[in-house]
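The chains carry the letters A, B, C and D, assigned in the order they are written, with residues numbered from 1 in each.
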């Protein structure tokens, strides 16, 4: 089961819970399973069935590029962070 | 000047760039050099007020002026949707993007476009601007981030409500959003600390200061197709922005990137392209617009002014146990400052168990900010690296020693959660400790030595490369990354290395949106990394095709009679039997069979036709960039003027493909940072009018203000890139402001809490 | 506004052009004569991107009225290289990677040319002083100064 | 840019009649480094621009050790400091002329133009005052000559009447034991406008230990460049000492009437006035004693 880190930005929705183990082989299932436990979190992370433009996913330190289809490994670390661009 | 690293033939050498001759002879075509038949010249009318309601615009007199062919206002633009659009590297709100290009009902900063004219000459267009009558209801402006955050501040966007920790609220305010990151238990961390230091810092708005002004030439053809020629960091990003603003499918917009005279993040957002396009449609002729330097300062995207609070706690042994920061960034007239990146960078050079960082994105009546080299990170590092310096002093530690004790390594966690991959921060600290500069005594009065470190993420994003093999064994490399600092060379070098052919045999060309697959901007320190990655992959594709064709030919050449199918299969030559080294293909099954890259190229027509390698890249393993800088200054005690005596910039570049251009990126970033530290700032009067909008009074460093900038390129290869490349372009601007501040402290005993540390400010501190 | 007929010499060729009094030399070079090698950076004399030589004197062409050039000799970047051979300054700028975006390069090269005529063996300080009117935002000037010093050495030997 | 006519006058009389005919709608063009920028930015509107660079008297300079220096108003800076003899005779002038703008600006900008632009921060004016320069002015009623300290009357304003223009500047031959020095304070080292500028000159007695004459002039601390007699009086007739120099500096500070703007604050300018007065006096005295002081 992947470890999902719930940042301070998400904790209003998790009642302060900052880490959970969640089943799921892709980001899509991980988020669906999160939603069951923390109703409303899906709406925070998704828009029109895809990740919101202001949400990026980092898995084991690397930014995920395949959106909801991004595979999640056993014991992977999943973070929802702001996207980074550059100059 | 060529000196190859042992492992490589091309990588690590310093060849001359393919576009070099064009650029030293004045033949290279930059955006401003565009000329089309029947071309008109456009000019933009801009708001003289920082905050005003636009009540009416009368263009009749301007239209009547001989030579004027078109006058436009926001009415000539489609009504933009209030939704986020993904533009590749960035996502933006289409309505706000459009309103920045041409003001809708309100002018939100001095210089905000309200109308535009196309005429037969730039002088006539300018005269016509003077004939446009605009009735304004002038409103009080919100000009400073702290004032704009107050309940009583005038609101820029009546409908805007604050997004609090990701949740939309009903609270109307200039605070667009409030972000927060927490790691561990900061409160407990500060209780455990033996020493705690808390300081507040202020930084001014600064500009990228590229020498070539923004420009755009547009032709909206009778068939409905829109052509744009412009100086941009990314043709595809211009295409998408223009399409969104003008309500066109991207297929109807062709963008050709001209040579570009500097960007540093400032040539990603569009300003003129949609305006030139709408003027062209109305006039039925191509239109070129070039900004004046005043327009550049007043109406393009600078990087934010900011107010930053930092609190850090450490134990007597030097370990930093807690850190807290609050970053308030001016977004300009529309939401979207780089405060998020600032928050995620501010403590990243350190492994600190307990951290909290809050960020506020605040709109003010100044131009919408844009990216500028490691956006948001320099402001943040000025604050944190100054406090770290003070911690070291209070703990009796050498400033590099406290970094050695606390420096981030692989596996350490950033405040936003993720852990670092293999990074080279500690290597830069050790290189600094061992550098002759750091060991050299600093003699003479009023002199001080400062150090500071910096982090930037770097990005990967998307790139496309096509490689066409020529009959003479050379190749033509087609890419979509505009070349702002020698990337044609650094990308061609990676292709040459992989193809096993000389650098001179690779001819790179930068093409527009019709000529190559999607490619993100030349920015985010990504081009040599990501487009170089694609060039490597495209080269492998070429070699793969050559091996297939050779296998087929060699297999077919076998005259020998076989005893049945089994023996035939045994002898069959497959691509796996073909090896390639030093430009020569060999057959593993028949030593007699060899063919060179050049021979295959010459015989392609009889070996299955043209060979074209292609690849796209979207690399994940960007690797982070770290730098540690050392600076010596002298401060004139009578005037407060700071002189930079010596500067050494140490940076982990992963692998320097073309060391001269890697050094150049570092030197350029350092000097922009020195300008930020010493003199650069937007000065506004109480009405929100910028009063120093020229290169005379916006004081960027000249040759005479600087010493040589020494660089040390530390190479900790990035496992995420075939040649170990890390982005180099951005992080060099992160440490300088703090490094200079720390050096001034050593020279004067006064802590600097404001950038720029202009003579007036330093003098006021000295006279305290 | 009637146009004025101006007879001048540009890069060794007799050139006639018509211009308005208000047109700068920079405008006429770029827009009317197609000599776009001379660049526009600020159009008020603060960046040096438009540097040219007027009767051998280094000036910002944005601060010269085109009508003033009547009977004068103008030298621009287009006239520097000889057929099939770059000027030593151009060559050294390439070898030292003294340009990144390249927009300031023609101005720097013309300014450096004027310096080396006046002072063939400048010190680093003399180079920095002379070039202070030319802004570059990409390089931090380090490699530009080295290129000029190296070019001076090469030209002295020749 | 607005449209205007351009005429290159061949003689002083032709320039005068052209200017007189157009009045405020005409302006003299010398180096153009101020005028062309003002026209381009719409800060000044004109019908006629009169180029005076083709008038020999206006564009030449002459020097001899008895009569001193006559400097045509349109002579560009580079020509003056290119002349070694003049550079030696008037080191204080060179301090200022070499730091006007960058090299490109010095190729065009003239000292006369700098004076006629009448900016309170003009770099060359305080040093002209310190050198006792006089202005040769031609006009419809003939010529007149006035001390340079009387030329500027306010920011961008001067004594030139309708049809008048500045033909040349005259500098007396430097007396024995004369020394002068100009310094300005700018945040950068070139390409900048003075936050404060100070030009000082002294004449020392035969003993080279007492001051027999002195002039201290300040720029950018009042609506016009100032000649501060009180500062000179603190030195004249007294033996040179840090104390008298400090008194002169204090007098200069007292005379300064600076404003706060984007280039500096009142406090900063007042402080710098003292610093630069001290430093320029030290430089002027050193030069009067034959010591070498480098140009800024």
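Rule of thumb we're sticking to: contacts are C-beta pairs under 8 Å (C-beta built on N, C-alpha and C of every residue); 3 or more make two chains touch, one makes a residue touch a chain.
These figures come from a predicted structure and were not determined experimentally.
Peer 1: Farthest chain from subunit D, going by the mean of C-alpha atoms per chain?
Peer 2: Measuring from the centre of subunit D, the most distant chain centre belongs to A.
Peer 1: Which pair, B-D or A-B, has more C-beta contacts?
Peer 2: So, comparing the two chain pairs, more contacts are at A-B.
Peer 1: Can you compute the centre-to-centre distance for subunit A and subunit C, using the mean CA position of each chain? Integer Å is fine.
Peer 2: The separation of the two C-alpha centroids amounts to 56 Å.
Peer 1: Taking each chain's centre as its mean C-alpha position, how far apart are subunit B and subunit D in Å?
Peer 2: Centres of subunit B and subunit D (C-alpha means) sit 45 Å apart.
Peer 1: For subunit A and subunit D, what's the span in angstrom between their mean Cα positions?
Peer 2: Distance between chain centres: 69 Å.
Peer 1: Any idea how many Å lie between the Cα centroids of subunit A and subunit B?
Peer 2: 27
Peer 1: If a residue has to touch 2 or more other chains to count, which residues of subunit D qualify?
Peer 2: Where subunit D meets two or more other chains at a single residue, that happens at 1-3, 41, 102, 189-191.
Peer 1: Would you pick out the residues of subunit C that each touch at least 2 other chains?
Peer 2: In subunit C, residues 20, 22, 43-44, 46, 129, 131-134 touch at least two other chains, as defined above.
Peer 1: Two-or-more-chain contact residues of subunit A, please, as numbers and ranges.
Peer 2: Counting only residues that touch two or more other chains, subunit A contributes none.
Peer 1: What chain-chain pairs meet the touch criterion?
Peer 2: Listed in label order, the chain pairs in contact are A-B, B-C, B-D, C-D.
Peer 1: Sort out for me which residues of subunit B touch subunit C in the complex.
Peer 2: Per the touch definition, subunit B meets subunit C at residues 1, 14, 16-17, 19-21, 23-30, 32-33, 35, 123, 208-213, 259-264, 290, 292-293, 484-486, 658, 660-661, 663-665, 667-668, 670-672, 694-696, 700-704, 706, 708-709.
Peer 1: Applying the document's contact rule, which stretches of subunit D touch subunit C when the two form their complex?
Peer 2: For this pair, the touching residues of subunit D are 1-6, 8, 29, 31-33, 36-37, 39-41, 49, 51, 53, 76, 78, 101-105, 107-108, 189-191.
Peer 1: Spell out the part of subunit C that touches subunit B in their complex, as residue ranges.
Peer 2: So the residues of subunit C touching subunit B come out as 20, 22, 30, 34-44, 46-47, 49, 76-78, 80-81, 86, 90, 93-97, 99-106, 109, 127-129, 131-146.
Peer 1: Please name which positions on subunit D make contact with subunit B in the complex.
Peer 2: Its residues touching subunit B are 1-3, 41, 102, 185, 187-193, 195, 261-265, 267-268, 271-272, 275.
Peer 1: Please output the residues of subunit B touching subunit D within their complex, sorted ascending.
Peer 2: These residues of subunit B touch subunit D: 123, 126-127, 294, 638-639, 641, 678-679, 683, 691-692, 695-697, 699, 701-702, 704-705, 758-760, 763-764, 767.
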